[in-house]
Every structure is written in C-alpha cells, then in structure tokens.
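In the two complexes that follow, chain A is the common piece, with chain B as its partner first and chain C second.
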Partner chain A sequence: MKRRDFIKFAAGAGAGFAVSPLPYNLAGDLAVWSQNTTLNVPDGENTFAYTTSKLCPSACGLKVRLLDGKVLRALPWEEHPLGGGVSALAIAEPQLLHSPARVKTPLLRSAHGGFTPISWTEAERLLLRKLREAEGDVLCLSGDETGSSSAVLSAFLKGLGSDKMYFMPSEAQCASLAWQMAHSPGAGNPNSLYKAANTQVGFDLEKAGFILAIGANFLENWGTFIRNRRVFAQKSGQREDNFALVYAGPVHNQTASAAGRRVALKPGAETVFCLGLAALLVQKYERRLNDRGFNVIERNLNSFTPAYVHARAGVLPSTLEDVCEKLIRAQNPLVLCASAFNQGSGLGPSLAGFLLNLLLRGPLNVITLHTPNLAGVKTRSEIFRNDFVKDLRKAGGTLPAKLAVFYEANPAYALPEPTSAAAAIRATPFKVSFTPFMDETALLCDLILPTLLGLEKLDDIESPHGCGKGFYALCRPLAAPAAGIRQGPRHGLDVLLETASGLGLRLPANYETVLKNKARDLALNWNDLLNGKAVERNSPALDSSSFSFNLFEKLLFEALKTEPPEAQLSLAVLSRCALGTPQTGIPPFALKTAWGKELLGTSLLALMNKSTAQKFGLADGAEITLRSRTAELVARLKIFEGIAPDSVALSMGFGHTALDAFSRNKGANLFDLLQAVEEPGSELMVWDKTGLNIPLSRQTTIAATQQGDTRPHFEPYSAAPDVKPGLFRRQMAARRLTPPARGGIHSRRSKTWSEAIIKRRDITLQDGLPV
Partner chain B sequence: MSLFQLNTAAMRTKDFKIKWGMVIDIDKCTGCGACMVACQAENNLAPEAEAPPSDGGDEFMSWIRIYELSNRKAFPHHDLAYLPLPCQHCATPFCTGVCPVSATEKTEEGGIVSQIYARCTGCRYCMAACPYHARSFNRVAPVWPAGLDKIISPDVSTRPRGVVEKCSFCHHRFMQAKNAARNNAHSIYELEDGDYNPACAESCPNGAIAFGDLLNKKHRVYALSRAKNAFRLLERLNAKPQVYYTSSRDWVRRAGDNHHA
Partner chain C sequence: MPRRSLKPCGAAWCISSGAPFVLGLIAALIMCWWIIPAVFFVQKEQPVAFTHASHIKNQNCADCHFLRADGSFSAIPSTEQCASCHADMQGTSAAEAGYIESYVSAKKEVPWLIRQKQPAHVFFSHAAHNADSCRQLGCHGEYVDENALCSTCHADVSALDTAPYLENRLTGYSKDTMRMQDCKSCHAEQTHLEMTDAALACNTCHK
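Let's turn to the complex of A and B:
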C-alpha cells in the first residue's frame, strides 16, 4: 500500500467511525458507567394503616405506609392519644424488620458451640422435655412491660410451680414499687411493704401548667415521651404565660436544651433537691397534708435546709427558693423525679416526687391496670416486686433457676455488671431466648426462638409508664414476616402455650384468645382494636388521703443513706431514644445521628468540663481510662461545658458485641461501669450513683483491662468481613473481586457490578446462621 | 467590598410568587435525630455501618444535619442549642451559578433549588460554593446491605456514585400535593398550609420545624419568618436562604451569623 492510499484509508476509516453511532454509544455507555446506577426503585399501590408502636417505649401512634401491601414507612399519627410526632426509633421500625441481625429460624446450640437450625416442632419438643426435666425450677425474664405477654408467662410459670417471673429493670419498676408502697386503698395491712392494688400513677401532663423535671429526661426517654413532646410543643407553641418546663439535672441533655430554665445538680442528687423543695413548701409556704404520718415527714424535712441542699446537690439557696416560688405560683404544677437513664434509681426519687406532687396538688391520676384472667396469673405490679438484679446477686454465679426463659430481654448487655450476668447465664444448665434479634443474650442461650416485631405480630400495649390515663391498643400484623423468616406460630408465646398443653397446664390455646378475652373484659370492640383504634380510659384523679405515710417516711429517708461512692468523678448518663433499645441495638438509620457528643470513630466520648479536665491535666481528645468499682472503660475526652464539675458524662446504647455491623464495635458499653448496691429501706438494687476514677498510669490500666476482660467476644458473623477499613477502600476491594464483564461497557454491566457489591456486603444470617 | 459581596452582586435573586420555606424553632429542638432518620427513610439514603466523622464532612451522607451550638461559656453559664441544617434553598444561590452542566437550578415556581442527578458530573464546584455545607458527594456507590433495600421508597430515585446530592425539600411530596390539588380542581398555586410538608417537618415530635409558603399570609411560616426573633444563617453573604430559624436567645441569633467562628 502506498502512502497516499494509507492516508485515504485512514481518513475514510476516521470519517466512517465518526459518522457511525459507535463513538456516541461508547461515550454514552461511559457516561452511564461513570454514574454507576444503584438500585431501581420499586413501584406499587400505596395504602395506609394505623397502629401503635410496640418497639418504641413511648408507644407512639404510627400511620404506616404500605406499598403493595408491604410496610414501607412509619409516619406520625397525630390523632393517637400517645402520638403527635414519631420517634426516631419508631421511624426505623420498618427498617428493623429487615435488620441483618434478625433471627430467622429456631436455633439450637450444637456440641461445637455454634448454632444449628431446627424446625419449630423440634424446638417445641425440646422445650417440653427440658421443662419437664427442670421440675418447676424455671425463671422468666421479660423485656415487655406493657403487653399481656407477662401475664401469660407468669401463669405458665405458676403452672410449673415457679414464682420467678421478672421484668428487666426500668423506671416503671421504681415508680410502680414506690406507688404500691405509698398507695394503700382502704385498710391494708400496715406491716406489708407492698399493697396489692393493680394500679399505677398517671401523669396528667395535659392539665399541667408547669413541669419540673428533676433528673427525668422528659422529652427524650421518660415515659410516653412522644406524647410529652406533643404536650410541650402545644403548650409552648400557644405561648401560655403560665406554662414552663424547668429541668434539674447534672448534664445538659435533650430536655435541658428545650427547657425554659435549667438547674444544675450533682449527679444522683435528684432526691435531695426534691426534698429541699418540699421542705421549703412546708416551712415557708405552710403546705401540709392531712395525714397522721405527715408529722414524721415534716420532722425529717427540717434537716433539708437550703444550705444542706447546696452542699449535697450543688444548688444555690436562691435558686432553690426561686424554683419553689415558681411552683407555688404555677397552675397545676407537676414534678417528675426519676433517674436520667430510666432505671436503677430505687424508690427514693419516685417517693420524693410523689411527696412534692401531693404538697403541690399536682395533676396525678390513678390508672387501673387489667390483667388477663388466667389461672395463677400475676399482675404487672406483682411482677415488679421481683428484683432480678438482687436475685441474681443472691444466686451467686448462676441464674436463680435451672432453666431460664428470656422473653425479648437482653440482660447480658443491659444489666449492671453485664459480665457477671453473662457468666451467670452461661453457668445455667438450660436457657431459652425468645428474641427477634441475635443479641448478646441469645448468643449465650441453648435454644433461640425467633419472635416477630410489632408490625408483624398481634400483641397489645396497655398503659405504658408515664401516660396520663388508662391506655389500651393492639398492634397487628401489617407485614408478612420479613424475608427468610421461617413461618412458625403467629406469636412467640404460642409456642409456650402449646408446650403448656403438653405439660397439662390449663391455659388458653393461643395468645390471640388471651387478647380477645382481655378486650371483652375491657368492653372494647375487637374489630375496632384490630383496625388500630387506641383507647384512652377514664382514670380518676389521685386522692392524697389514700397515701400511707408511715412506710413512706421510713423508705424515703432511708433511701437517702445511699451515699455516692468516694471517687474522683461522678457518672452522669446521656441517653437517646434514636439509639434503640438494648434488644434492637442501633437501628441502621440511627447511626448517622451519632456524631458530635457520643462517638468518635469507634471510641466512646467522655464529656467533662474544662476545669475538671484541667484538674487531671487532660486535654480535649485525650484517651482516658475510667475506672469504677466493677470495670474500666477507655474513652476519648471531649470538653463540654454543659456538665457539673467533677462529673463525667457517657452515652448509653453503644458497645454491643452482638447484633449487626451497625451496632457492633461502636464505643463501649456503659453498663460495664455500673455496680448495683442495695438501697437502704426498700432493699431494692440501685445503680444510679456511680463513682469513677482516672488511674494515674493509663498504660498499666489498659493492659489490666485486656487481661481482666473475661466477657466473651462473640463473632457470630465473622465469616463475612463486615467491618471494613473505609468506604473508598471497601469499594475498591469489591471492584477488584468482580470478574470483568464481557462485551463493551454497558449499563447492564454497571448494574451487575453494583449487584456484586451488594452481594459482597450481604452480611446476614441465612436461615438464621452466618454464611 | 468583600469577594462574597462581589459574587452576590453579580448574581440575580430569583423571585417567585411562591417561596417554599422552613422556619425552625431552635428553642424547641432537642437534637433527637427524628428529622435525620425520617429524611433518610424518605429519600433513600443508604445506611452506613461506620460511625460518621465527628465534624460531619463531605462523605457524611445526610441531607439534614444537626449541629450543636454553644455559647462558649464555662459551667454553669454554659448554654447550647441544636441547629438542624437542611439545604437552605437560597434565593440567590451560590451553587447554581457555578454548576457547569446546569445540574442544580433554581427555576421552578416555589424556589426549590433542584439537583438533577442524571446531569451531575461530580465536579463538586457546588459543594465548594455552598457556604452552608449542605451538599454531600457520593464518593462510592451507596449500598443497602442485607435486605435493607426492601424499604426503598418509590418516590425518590437512588443516586449513583459520583454525583452530588442534597435536600430537595422532599420535592416528590410537592409534586404529590400538586397532583392532589389538580385532582380536586384546586389551583396548584394556592396550596393550603400543610398540603405539602417535608418528612423532617412532619416527623418532628417537638413541632420545631414549620414549613409552608413564605409569601402566603395563610401559611404559618409567613408570620414566623417575619417574627422578631427570626433570622437566617450567614445573612451577610446575602444568599437569602428560604430556611429561617427562630430563637429567643441572643447568642443563638448571633451564632447564626457566624460571629462566633
């Protein structure tokens, strides 16, 4: 070929190429490839259903959006008695249906320590055999306070000859015990510590013109907090002159940031502050109660002078008097006194709160609870009297029974000294966990039975702690059980009830019958309830004459003898509903909300004010070791001025060693630091006052932590590397592993790539087992 | 005259008959995170298994972020406030002018600054230009692990890697509201207060976020945005955001104009 011919050919080829669609298609493909499309969005018909959230402790109302019958979104249901917005946890409820941590099939611990999937029939047969072998030495720990499940479980245990029915510790327990102790309808036996009334206190926020939250994180996790927020929004929105929210506590938390006024307290000084106010009310404003026992209380109150309150709680006398005056002037003032993290406070704060509310004639109601009519059933109030932490301590190294049933409870994570709890669970011969998620406790059990979430099952919610009036609603299956969950009984308790018939116990055939009977007893229409109707029942206002001050006085002032332990720092706890419950762990959506004050990378942040940090010669960002009587915890220091001196604040909800990649390896578990001690008077276990020290030699203590850390570190899903070094490197690694597609660059190939990446990250249990 | 003022002088303020806007009451916000979670669920943001960086950052994929403001005083005079920050939908946006491919525009009636993912080339000029750091960049393809894609919403497209994304004031809800108005033979230019509400405003349990037409006297935000304590962030830049904040605290209002920085 001559040179000219070659040029002609090249020019022709170039021109041909240019006019052909090839370059443009290639460019188009390149553009599409560079914008690697991810997932196609689905389409379908929208419908809406109304229900009450079982997962969120506030029991807020949900308007659930369904797409072709599948649950898609949880939206607020404004008209719900406990609604008015939606909590971050409830929004994540549809997402948690598909959580990687879901247990999908019954699992049995095998000889080599792993889990083997078994059928429901096998599981029931095994449970029946083990229950027979246990000969009534059975306990049950439930994390569901508001449902009828506890009644069924207690009746089941009674049938087996056991009284060991427990709830996970909570503020509801403290309030209920204080209420039972103080409230004595009619002539009760004065020697009996607790009265048998199956009632609870109702806080009529809607009537309140002034709310003083002492310790109670009123807007974030105390009681029915979504309703609390609605009331707060409405009252402050209307600019009611009389309405004010005042917060007293050791750390500037969520409630403090919205409160009109804040009073800084030393950690654990809630009761003292409350009694200081009561003393002023009695002495300065001559508020008294017509009860014989009140004279003794009055005598005791004399010692709570403003100077004493200043020394114990760190509140200036002028502030105390000012708050007291505001309370006197306000219309329907209401005082909420509780632990800032909703548990472990004992009777002290609740009793002090009752006393103050009675002196102020605060809007409190009496809510009657209804217990299903079953043979040997225990009421909610009766179950609260069993203190699991105390019995665990007494049993010494094992659980107080041969066979333990955990019903939607995670004691291996969420009890004080969880290491001891985990060791006790491990030392118990046979333990069963009814759980929707593969949590820390489930991993220690011999048999795991999956339960369904609130959007998948039929269950009920009755008067959660903090509500103002009697409340009853059902949650019902809006979604088919999430993909891969092996169909079993309609409710986890149906397994127990079937087993009960095998054991010859006279209990209803299934859980639905229990609920239907309860609705009938309450004179409520079953179909209305099934359609989502939430019922508020009339509850009478509290009559102060029904209080018995004899026991009241004894327990309240005894409780104050729990001195905070001698230590360099006091622990204040921050807690946020978005970070889930001990059972759910951190919902995937919610992890993005954990920035700023809670987590730095994988380190938990410890908040301290500058003057305190300077005392220890610590700078912002320093790694510190905090040592309590029980354990040590390594955290990063963050200077935060919204905390009382000589205190350190840590966030709850982190440090999971089980569940999914969204919860694991994030910070540390605060419960490790907490040690339960007995409250004088009530003998209830309390853990709201924790002293911390910063060891002098950090290196030594870190080494000691590693050696002394006997807590099992389970890696149930370790087959898949779900903890990755970084987003970008992760993506690169995934790309290298993807085989090159044949043919030109095409959008389909892009899709394949992304699918490959998704598959790689599809870190889950298949049939409930790691793959 | 500062560089910013020169820039803004060169840019035209976009005026519309309807201006969708937000008024966030900082005094009511407790930083609970419900708005962030609702936004992610509504707008198909993929979950991340890694904790976000402490300062947010460009790779922190969230259309609304909650910043914590401090009055920088020592205990016990310390005070803090939470500032939820979505895209400000500025009337004089810095981002639209710098986009070489018109992927972000402010042209539609209502004044919502759009983000058209199919056009975006990922140059990130808009991110550099945005003084509010309201934009995020998909450095990698978003991934929904282990079946979490089951709750992807049909209303919003998922985004590929290599594009910038930001708050759209839940624009799909605007379209739904307009469709509903058309179906009921109402004017799409006279939507009632509450007909169109983004996910964050809808879910806020404290009622801290109000949303509506800033120019319509019947809408709640009309009065709220003109109230004594209402302010906008970095007003001296003259970007004229359509997101207002209110606080009765002086230091919060001062912090809003970045005097603390």
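Let's turn to the complex of A and C:
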C-alpha cells in the first residue's frame, strides 16, 4: 500500500468512526465511570423512635429517624415536655456514635505510658484488686447530674466506706445548695443546715407573664433551654398577656438578642442588681414577706441604694427603677438569676433570685426528686453538698483519695485552674475513667472503661435543673454500639455493680434493675417508658412560708461585702451551647458556627467594646495578652459593642487537647484564666468574678497603631430603650419556631439584626455609661 | 506543446483513488457498530433463573415492587417476601427448587444483578412518578394502567428475561440501565414540564 492510499484508508476509518454511535457511547460511559464512587447510600424502610437526649443538658426530646433499624438522624420531638426543638449537641448524637474519639475497648496504661487494650474480664479483675487495695479511700466525680448513676455510685462508695461522691460544678449545684439553705431553720454548722434534701426548685415559665433573666442565658444554655425557647416562642408569638422578656447581663448573647429590653451589667454583678431591685420593691413599693427573719433582710437591703448598684453593677438608677416598675406591673413575673456561664457563681445569685421571686410572688414550683432505694444512697441534693474544687484545693497537689473514679466527667479540662487539676490527677495512685470519648481526663487515667452514648444505652433522666415540673424519662438503646466498639456490659455501671458483688456489697445485679425499681416506685409503666414516654409530674407551687431567711444575712449579704478583684478588666464568659460540653467537645456540625477568624491558631477572640479598647490604645485585630492572677492567655481583639464597659468577653468550649479533630487544638481553654476563691458565708468555691490585666507589650502597641479601626462604631447596647418585637421575634411567631439553634449572637442574621437596632439609638454617654 | 496528464476519470478513478477510503469507512463502521461495542460488555448470568413473564400473568408490578408507607420504594423484593409464595414449590422447575434450597431455606438474600441500578448520587422517587400522580393530572385519561406506566421507563420485562445481562466493563452498570437522556425525555419536554412541575434543574435528580 502506498502512503497516499494509507492516508485515504485512515480518513475513511475516521469517517466511519465519527458516524457510528461509538464515540458518543464511549463519552457517556467515561462520564458515568468518572462519577463512580464507593459511597453506599443505604436503602430501607424509615421508622421513627422517640427518646430523650442524654448528652444535651437541656434533656430535649428527640424523634430519631431509623433506616432499617439503624439510627440515621435526630429530629425535634415537638410534643416532648422539654422539647420543641433540638440543640446543636442533640442533633449530632447519631454522628457522635461514630466519633473517632470513641473509646472502643477497655484500656490499661502500660509501662511506657501508652494504653494497651484489655478484655472486660481483665478490667473488672484489675478494678476489683485496686478497690481492695484502696481500703475505702475512694472518690467518685460524676458528670451525670440527672441520671440514677449518681445514686448507684454513691451507694457503691458508701459500701466501701467513703462519702466522697461529687458532681462536676454547675449552676444546678449552686441553685440546689441555695434552695437547701433557704429552707434551713437556723444557724449552726453549715453541714447540718441543709434541708429539703429531696426537692429542687421548678421554674414555671409556662405561667410567667414577664421574665427577667439576670445573667441566666435562658434561651441558649440555662437549664432546659430548648423548652425555654419553645415557651418563649409561643408566648412572644401569641403576644400573650403583654408578655415581655428583659435581659440583664454583661454580654449581648442570644437571650439579649430576643429580649425587649437589655441592661448591661458588670460581670459577676448579678446579685447586686437583683438586690437593688429587691430594695426598691421593699422601700418604694412596700413589698414584704411575713417571716420573722425578713426584718434582717430589710435591714441589709437598705444599703443597696440605686447609687450603690450603679457603682457596683454599672446600672443607672433610672434603669433600675424602670425595670422595677415593669416587674411590679407585670402579671406573674419570674426572675431567673444565675451565672451567665452556668457555673462558679456560688449561692449569691440563686438566693437573691429566690428573694426577688418571693417578693414578686413569681411562679416557682417545688419538684420532688426520687432517689433509688439502695443501701447508703445519697440524694442528688446531698451529693451537691460536696464541693470537689474545695476538696481538691485542700488536698494540695493530689486528689483527696487514693483511688479516683471519673464517671463521664472531664475535670482535667473543665475546672478552674485545669493544669492544677491535671497535676493532682497525675499524682493520684490509681484513677479510672468511665467515658464514651477519649477526653483530657481519660488520657491521665490508668484504666479507661468505655461507656455507651444515650442512643445506645438504657439510662434515665430526672428533672434537669431549670425545668418547671418534675420530669422523668428513659433513653434506651436505639442503635447497636457503633462499629468497632467491643461488646461489653449494657451500661458502664454494670461493671461497677459486678465488682460490688465481688467486694461483698449489697447492690442490685445490674443497672437495669435499678431503673426498673425506680419506675415501679414512681408508679410508672416500664414499657411506656421504654417506648420513649416522657412523664411530667405534678409539682406544687412554692409556699413562701417554707422559706427561712435566717441565714440570708450570713450567706448573701456577707458575700457581697468582699470587693471584686482589682484589675483593669472584668472577664465576661461566653458559654455557647453549639460548642458542646466538656465531655463531648464541639459537636461535628457545630464547628461551622465558630465566628469568622475565630479558629485561627490556638488563641481566642477577645470581645471588647470600642471605648474600652481605646482606653488601652487597642484596635480591632490587635493581639493582646490577658493576664489573670494565675495564668495568661493570648487573644485577638474583636470590637463588639454588645459588651459591658471595662469588660472583655471570651468563649468557653475551645482549647481541647484531646477528643476528635473537631475539637482538638482549636483555640485556647478559657478555664486556664479562671481562679476559684471561697465565697464568704457558704464556703463554696466561686470563679465568676475574674479580673484581667493587659500587660501592653511593644508588639501590641505596634499592632494597634498600624491597623487602626475603620469599622462603623455602634453605641453600647446597654443604652437601648425598649424594643418593639423585631424581626427575630416576628419570624419566630410566623414560623412558630424556636430561635435558630446554631449561630448565636454572631451568626450573620442575628448580628446584623442586633447591630441594626443598636444603630438606631441616639445615645448620650455620661461617666462612660449610657444615659 | 505541453504533455497531457493521463488521469483516470469516472468509475475508474473511484476504483483507483477512492477504494482505500471506502474500505476504511466500511471497516470502521463494522468495527464501531458491532465488534468494539461487544468487547465493552461482559455477559453475566442471574443467580436465579427468574422470569417476569410467568409472574406478570396474574400479578401487578406493585405486588412485588411496592411503595412503602413512608413513600420510599421497596425495589427488589427480599427473600422473605418471595417466600410468602415460594416457601414451598409452586411449579416443577429445577430453578425454583434450587432457589428454595439455596436462598429460602438458607434465609439468604439473592445477589440479583440489577438492570436498573442507579449511582448513589442519583435521586429518583417512584412515589412522585406513580399512577396516582398521573391520574390526578388526567393527561392520559382517567385510567392509567399501572403496568403500562412502569413500562414507560422500564423496558418490557418479559422480553428482558430472555435477554442476557450485559455489564459494561468500564462503568460496571447494566446495558439496560437508564441514562440521563431517558429522564430528560420527559423532564425536558415542555408540555410535561408545565403540567407536572418536573423541573430540569440539576438538583431535581442529583443530590
């Protein structure tokens, strides 16, 4: 064949190829091939199961979508007594089942410092031997306030001869101790003063016609915040009886965003503000209580003049009087007074809140708690009387026992001065962690025993702090333990109960028996509970005559005589529910709720208003060092006008050094800055009044000078007068929905909205405070 | 006087000059239409010699391929469903006997080769394409035969039973798997679009 003929043949072949369907089919096949993935979307029948979230502190109801029996998704259960929405943590429960941080098998610390997987039998044998060697010098720290686990653990400890049963510090502890002390008849040894060991206060939001939240961020993290949102959305949406919400606190948080009126408080000044209102009620509106101890209260309230409140809390006298007048005019006003970050406030805010509610006849209920009938058991209220932070300080460099059991608690991350707590844990001879996740505390322990999550195990939830009526529900296994988790006992405590029988203690054989007995004692149908039924029990309204004010002078007013620490700035802590709990870390979907540039490196964003920043010559974006009495932390300044003057706000929930990739090495741990001091009177450790200084370095000054701030300047939110129901509330009313679960005050929508409101104000400043 | 070239003309020219081109064309057409496509596919056998033809005689498609209560489509029946009839022999065929022994008695699922399997990112709702939806619109008359509606998209299954299962070596899918152009034949059709709101947006089908 000649060359020319070959070219002709090739041209003919090309023409044939072009007119055949092959090139088009080939292109189509290549397109399909390029889209082939190993992704396997499961197919099957959808069913729904109802349960209560064990991980979320709000104990919200969950409607769990299952596909062929496998847990796929958590949705809100609207009809649940504490439901109406779903929190950022609860919605991530199905994903957390497969968290890379899950502990999958019992682990024993090996000689070289790492961990070696061991069998459950080996783990039980080792635990039994160590408990015998400890000879009763055992403590237990639990992070589960609402379950029956604490009762079992306390009975177990009592059987060993130990009373050292603790809860992780929380607002529930402060409120419970205040409640118990307010029911005490007289003075004496503090440990003999506690009464009302089986009850707790219930906040009947449903009956309230007006809510004054002082510090308590009740739409984001205080108490049963999902139920709070539902009630607030219903009331504000229906314009029920001129319902109104007023928020007083140091930071413009989600509650402030939804409130009709916002009052800026200095951090830690909740009690002073509350007592200032009580003084006005007594003196101006002649509200009194028929109690012999009330004259002591009255005498002490005389010193809480509006001028004094202005000096201590930063609230103008006119504002104080205005809020007081609103309280007087409102029907069923309810005051929620607590630490803005749900811990470390002592008894002061809770006692002051009780006093104000009693003066106003606020809708408070008495909730009866039920404790399983076990030998040597302690009630939840009794366990709250043990202060772990104080006992840790007293023990000096070690934990106050030879053997420590941590039950779903993470003290190495979430206690004030966590490095000291971590050092104490290290110095303790033997420590065991019952945990679903490999957290900071587990990494310091000698034995780690995996526990199951709320969707995998049978457990109970009873009356979480902040609920209005008695509440009881079970969470039950909807999912088989996640892949890779070695099959073990059905509940972590079953290991302990088996060990108990080895030690000769009289305890039930397993945790399920404890729960069944409790359901029987409560006259509840076990099968109904297993099917997800959540029970709300009748709780009587609080009778003010049951209160005693004899101790208020010692506990409340004594504490306020101490001056706040002298420092350039007060620390306002931002607690964001989307950042999870110390045990879980940041939930998988919630990391995107971090603010812009918040996750740069391992520093935090420090929020400060512009006038405060100008005092230090700082500009937006400047790198600053914040120094407390014990530690210092590097932060990047962000100008935000929703912060009280002379304060700096930092977020808690970052700075994990363990857990999964969603939480580890992101930001810094705020607890490093917090230092616990003793509250005079109650002797409880508190850490809600932290003073900070900014040692101005050369770099900071240069950064401030170079960057400058060209952003528009908004006036402080504290000056905002009453706001008519705005976009946020109208949207909720229209959609009958709760506020968005994620995003917080800095989500694009709410920030823009709040800034827009602030922008409309004409503000005059006087002495650095709005007039 | 210049010399005249002796180029062939007409049929002679075609034979002498166009033959290689024609030969190439014919060869390519044969290769591209018959030989190469056959190489792309590998013939596979179903694990059980199932025949739609015998089942469709006294049953509807939806008796085995039904919508669940939640709106999802059951697709291939499970062994448990088949066993509701085939727990015992219904006929005399060796295939049925083998099926009962290997799958029903052993309580195993049959690894069917699925002709209409779609990739994981393709979303198709049978609930939105069922006969009730068509009846409500009324375009095809009040009575829409359900079996005929199935055959609008799926090939005639009784004919398919005898056809070999051909798997594309490149894509891994059956030769009979529906392609995007099959979906577009309705979704891109203006009248149908107006009547059904069946949008042609990417995310209608691709998730």
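Please note the rule applied: the second predicted complex is superposed on the first by the 645 of 771 C-alpha atoms of A that agree within 3 Å, B and C clash if a C-alpha of one lies under 4 Å from a C-alpha of the other, contacts with A are read in each partner's own complex, and residues count from 1 in each chain.
Rule of thumb we're sticking to: a residue touches a chain if its C-beta (ideal position, glycine included) is under 8 Å from a C-beta of that chain, and two chains touch if they have at least 3 such contacts.
Worth saying up front: this structure is predicted, and the values here are computed from it rather than measured.
Engineer: For the three-chain arrangement built by superposition, which of chain B and chain C touches the greater number of chain A residues?
Structural biologist: Counting contacted residues of chain A, the larger count belongs to B.
Engineer: Looking at the overlay, what does A:293 touch: chain B (first), chain C (second), both, or neither?
Structural biologist: Neither partner.
Engineer: Check whether A:136 is in contact with chain B, with chain C, with both or with neither, and answer first, second, both or neither.
Structural biologist: In the superposition, A:136 contacts neither chain B nor chain C.
Engineer: Identify the partner contact of A:70: answer first if only chain B is touched, second if only chain C is, both if each is, neither if none is.
Structural biologist: So A:70 only meets chain B here.
Engineer: Which partner does A:376 contact after superposing on A: first (chain B), second (chain C), both, neither?
Structural biologist: Neither: A:376 stays clear of chain B and chain C.
Engineer: Pick one for A:588: touches chain B only (first), chain C only (second), both, or neither.
Structural biologist: Once the two structures are laid over each other on A, A:588 reaches chain B alone.
Engineer: Is A:502 touching the first partner chain B, the second partner chain C, both, or neither of them?
Structural biologist: It touches nothing on chain B or chain C.
Engineer: When the two structures are overlaid on chain A, which partner does A:10 contact: first (chain B), second (chain C), both, or neither?
Structural biologist: A:10 sits against chain C, while chain B stays out of touch.
Engineer: Counting only touches as set out at the top, which of chain B and chain C does A:209 meet: first, second, both, neither?
Structural biologist: The answer is neither, since A:209 touches no partner chain.
Engineer: Quick check on the superposed pair: does A:22 touch chain B, chain C, both, or neither? Answer first, second, both or neither.
Structural biologist: In the superposition, A:22 contacts chain C only.
Engineer: Could you pull out which residues of chain A sit against chain B in one structure and against chain C in the other?
Structural biologist: Touching chain B in the first complex and chain C in the second, residues 35-37, 39-41, 43-44 of chain A appear in both lists.
Engineer: Which residues, counting only chain A, touch chain B once they are in their complex?
Structural biologist: Listed in rising order, the residues of chain A that touch chain B are 34-44, 60, 67, 70-76, 84-88, 91-92, 94-95, 97-100, 219-220, 225-226, 229-230, 232-234, 236-237, 252, 254-255, 257-258, 264, 482-484, 576-578, 587-597, 599-602, 609-611, 641-645, 660-662, 666, 722-724, 726-728, 730-731, 754, 757-758, 761-764.
Engineer: In their complex, what parts of chain C are in touch with chain A?
Structural biologist: Residues 17-29, 31-33, 36-37, 40, 68, 70, 72, 75, 119-121, 168, 170-173, 179 of chain C touch chain A in their complex.
Engineer: Going by the contact rule set out above, which residues of chain A touch chain C in the complex?
Structural biologist: For chain A paired with chain C, touching residues are 1, 5-6, 8-17, 19-22, 25, 28-30, 32-33, 35-37, 39-41, 43-47.
Engineer: Give the list of chain B residues in touch with chain A in this complex.
Structural biologist: Per the stated touch rule, the residues are 27-34, 36-38, 40-42, 44-45, 47-56, 59-62, 66-68, 70, 72-76, 78-82, 117-118, 120, 122, 139-163, 202-208.
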